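In what comes next, chain A is part of two complexes: it sits with chain B in the first one and with chain C in the second one.
Right, the complex of A and B next:
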């Protein structure tokens, strides 16, 4: 087999284009840092607007009990309902607390007092978490007044069920721990699918594919030769993410590292197959790029469970999500990195990844071979 | 004017000649908004539970029933020993475990109090956070009702003071993810299509050598640029109409604000994406370079730092400052405001102004660079 020259040619071409090389190797690191430091779903410092119609010591004390947590930030003191409308409309406040005129009177006379909370539901995730915080805040305050009421009667408060919440795998609930493994899928997809498809179609578009065809190389040698450099680059970026993830974000690999590399390799092969398949269909780099972005980048961002839980999607889409390898890869990567479990827990995903790689590489080589021998 | 028109005709001929281009320009955005609209959801529901009920009393069953009746949880498995929950959590069959100790019901009944352990799979921090929130609310609600009953019995009918909260959700009362995400997807697709086509379209002429041919024609640089950009403005607007149609008709996202205003502000946004695309084309020599640059230096920052999925207020202060130069951030605020809140220009003018300033700046900068390179 004579693939050395094509590999060398491809590497030379990649090296000549300094920016592309830089992008392929260093941008993953930049993305990692961004994802690790800047991005999280933590809902804190919710901007709170208060309209206190009661305006007594009790009501102010109640508001204070809310503000004295890292979850809420007292942003606006409204003097009318209209003002509340405005601050919710323009996004000054995420939520508003309305305390009715009879609030303290009701509480002091042992009746039920009601407060109103208005949530800006446009970001449903923030709103869901915020409503949990509000409920917890109200509960704390209820407990406080109940304790006072019981104390007056000389009785202690016994909470019937004491909740002991506990988190496994990621005790500090760091989004980075969840996202960093997910980043592997995203970055490897870009390096493999987009780069290979562009690099093959580029030869078609510039007419240099004819030159390759007239060379004594066999078509499979051209295909393998074009693919090898991207496997190497993909493995380098993956290692970089691993090292930086451990150094910067303390995302340590709990499971077996050789197993992880093996999974990465199979995933990368699948990505290459997908890229080659696209290049056998597309005739211009623009088309190749769009098909790649829409078939690999966006699905691996949105349909893989990287950010959005697949369980929450409609059934049809859960079925569709099986068409791409990133979903299965992510299960493997998270299991190895976060849970440290062995191959027994995810052998099905392994089988699927291997099938995906075999299928895409098989179909695309047949198609490219036909095209090259024409 | 004639020169520009002919340039536009040439561009459209080129788009038509590439048989796969037209479907991509028209169909891909529709398929994407449908897929992404359904996929981009962070709704947390039907959380699979593994239950270890060592008590099996009326109280423990009542608690489990409260979990499943809430609609947030489904029981994936019951185990007979606490140790056995491991395999369910390890294998991701369940993402939450409820451990009910022995004498749970008895200790509640005698007023002694008991403990309940909840274990959540923290690997997905967001889901874990929300699941624990729901579980605690359900348990606390149950605990509260037991307490009130006991107090009523022992205090001779005298009710303790209670605090009730009445929650109202504005703008998106059902807390549907789609209402928040689909307008964002519209903006994202618009950005990807217009930026890539401008950047790659111009570099393509350089790469295959036809730029020289264009330069020896009597066309002036600004006519060349306009002729190159206008087709993408047109395509961009066609895509806006298509994608908005899907958002409103298929997803039933209410468009509460003014449609002409939406189109006007989308025009301002396209100004910025075309400017960025043109800028990329002036610093790239090959299409591969142009597309990689667009992807990493424009799409990724835009997607991650615009508030599309990750709330800006959670980012570190420095990164928050950077988000002010992300045009998508402003357009997201605009399109979400128009869709969900139905606000008008009196609320959105700061965002519109930011887009205008950014668009004019980046576009004139790129045109200058482009002309210099051509000269």
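Right, the complex of A and C next:
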């Protein structure tokens, strides 16, 4: 098999094109930093405004009980309901507590006291998380009152079921830990699909492909020779993400690294197949680029479960999400990196990835072979 | 027959290529002798490229056969590819590689190694006049240099047969002349050169010419032989006022075969009748067109081709 000359030539061309090489290497780093730092779903330091009509020791103690956490920041003390409206309107506060005048009186006399929580719902994600925090805080406080009240009367409180949630794999619930493994799919797609399809179509445009066709090179030698450099670059990109992920976001690989590389290799082969398939259809670099972006980058960003959970999508999109490999790859990568589990946990995804790679490479080879030998 | 086939580098017999209902190449037959320069001519879309693609083993024929260097293009395209060199109008060089890297690459895909590669590289660089420019990026070379480098890359592996598909397109006249000198050098060293071109002066340089039109081979022979086909016609060059009107007037006469414009003058091909000159002057004179100059000329290849193509068109009407 005579693939050396094509591989060498391809590497030389990649090296010559400093801009493309820069993009291939820096896009992963830039994406990692952008996604890791900017895409943050952690809700902390919520700005709290309080309108305390009661203004007693009890009410102040109540407010303090959950202000002393990293989730809330006591930002504003309102003196009227109107003031409260204003700080919510201009965004000074994310949420507001209204403590009615009879709060302490009701509590001390054993009646039920009420508290109003007003949330800025314009960011539904933040509002949902904030309301959960507030509810938990208030519940904690009322349990404390109840316990004290019963203890005073010599009857210790036993709560029938106590919940003690323990979060596995990502105990601090850091967004970056969830996103960094997901980035693999996105970045490897860019490197493989777009660059392979462009590199083949460029030769078609320049007419060098025709020259290769009249040479004794077999078409599979051309295809393999062109693919190898991009596999190597994809593996380098993947390693870069791993190192940066560990250094910047403390994402350490819990599972087997060889297994991870093996999964990456199969995924990359699928991406190459997809790129080659596009290059067998497209005749200009522009067309190849747009088809590549629409068929790889967008699905692997939106439909892979990278950010948006697939289970909460409409059924049609859930079905469509099966047409791309990134979704399955992400399950594997998260399993290996975060959970440290072995092949047994995701062999179905492995089978699917292998099928995807075999299918795209098979179909594109047949198509290119036909095209190359015409 | 066997003897004559041994002298032939390319034998084409009844070669046909159909795309659906469209017949791109229709029953084409010819032979190319070893070591000759064979010019393959025809307007765009006449089937020229399709024929070349079949001969280079890029496309298999619908029917008929062609052997190139002894290999059947339909049955053994890989054999064909190992025996030919191919260069197209687009030069097919990697512009982002240096001169030497291009040569190394093409040497590599043809399996050249070690001393042979070194030797052939040296030859190609000298042939292309690129000595001292080995490290230069190909994109910064001028058209003529690119053209010679492309030729060098195409024949690095010393193929006995070379296909040149419009090799002089978009190159200045001096480079064109130099390039033809190279073609003669190749041919005199025994290499068979199969070349397509649009330029009539280049066609005159060929040993044998084949003219393809509407998928059919309508002429085959040496430039001199082809010109003799017009012996029964007399060709005149006419210089006069209102040449377009004059052409129209003459075209209506039964003894005029064909008129075609050549710059500010035009050519009239007509039956070889006595007193032809007087006939032309008189006919135009009746319509108040005075003839400034009127010379009988030896037909050029262009006259021959225009004549032949017009005849095919007439038959089809």
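Quick note on the criterion: the second predicted complex is superposed on the first by the 305 of 374 C-alpha atoms of A that agree within 3 Å, B and C clash if a C-alpha of one lies under 4 Å from a C-alpha of the other, contacts with A are read in each partner's own complex, and residues count from 1 in each chain.
To be clear about the criterion, a residue touches a chain if its C-beta (ideal position, glycine included) is under 8 Å from a C-beta of that chain, and two chains touch if they have at least 3 such contacts.
All values reported here derive from a predicted model rather than from experimental measurement.
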Dominant contact partner of chain A by residue count, chain C or chain B: B
Which superposed partner A:8 touches (first chain B, second chain C, both, neither): second
Which superposed partner A:217 touches (first chain B, second chain C, both, neither): second
Chain B versus chain C as contact partner of A:156, first or second or both or neither: neither
Touching partner for A:320 - first (chain B), second (chain C), both, neither: first
Partner chain in contact with A:206 - chain B first, chain C second, else both or neither: both
Partner chain(s) touched by A:166 [first = chain B, second = chain C, both, neither]: first
Partner chain in contact with A:258 - chain B first, chain C second, else both or neither: neither
First (chain B), second (chain C), both or neither touched by A:124: first
Set intersection of chain A contacts, chain C complex versus chain B complex: 17, 206
Footprint of chain C on chain A - complex, ascending: 2, 4-6, 8-9, 12-13, 16-17, 206-208, 210-218, 373-374
Footprint of chain A on chain B - complex, ascending: 18, 20-21, 24, 28, 31-32, 35-36, 38-46, 63, 89-92, 108, 111-130, 132-137, 139-140, 142-144, 146-147, 150-151, 155, 158-177, 179-180, 192, 196-197, 200-201, 204, 207-208, 286-289, 291-293, 295-296, 300, 303-305, 309-311, 313-316, 319, 333, 336-337, 340-341, 343, 347
For the chain A and chain B complex, residues of the former touching the latter: 17, 19-20, 23-24, 27, 31, 34-35, 37-45, 47, 88-91, 106-108, 110-129, 131-136, 138-139, 141-142, 145-146, 149-150, 153, 158-171, 173-175, 177-178, 190, 194-195, 198-199, 202, 205-206, 281-287, 289-291, 293-294, 297-299, 301-303, 307-309, 311-314, 316-317, 320-321, 331, 334-335, 338-339, 341, 345
Interface residues, chain C side, partner chain A - complex: 56-59, 77-78, 81-82, 84, 86-88, 90-97, 101, 104-111, 154, 163
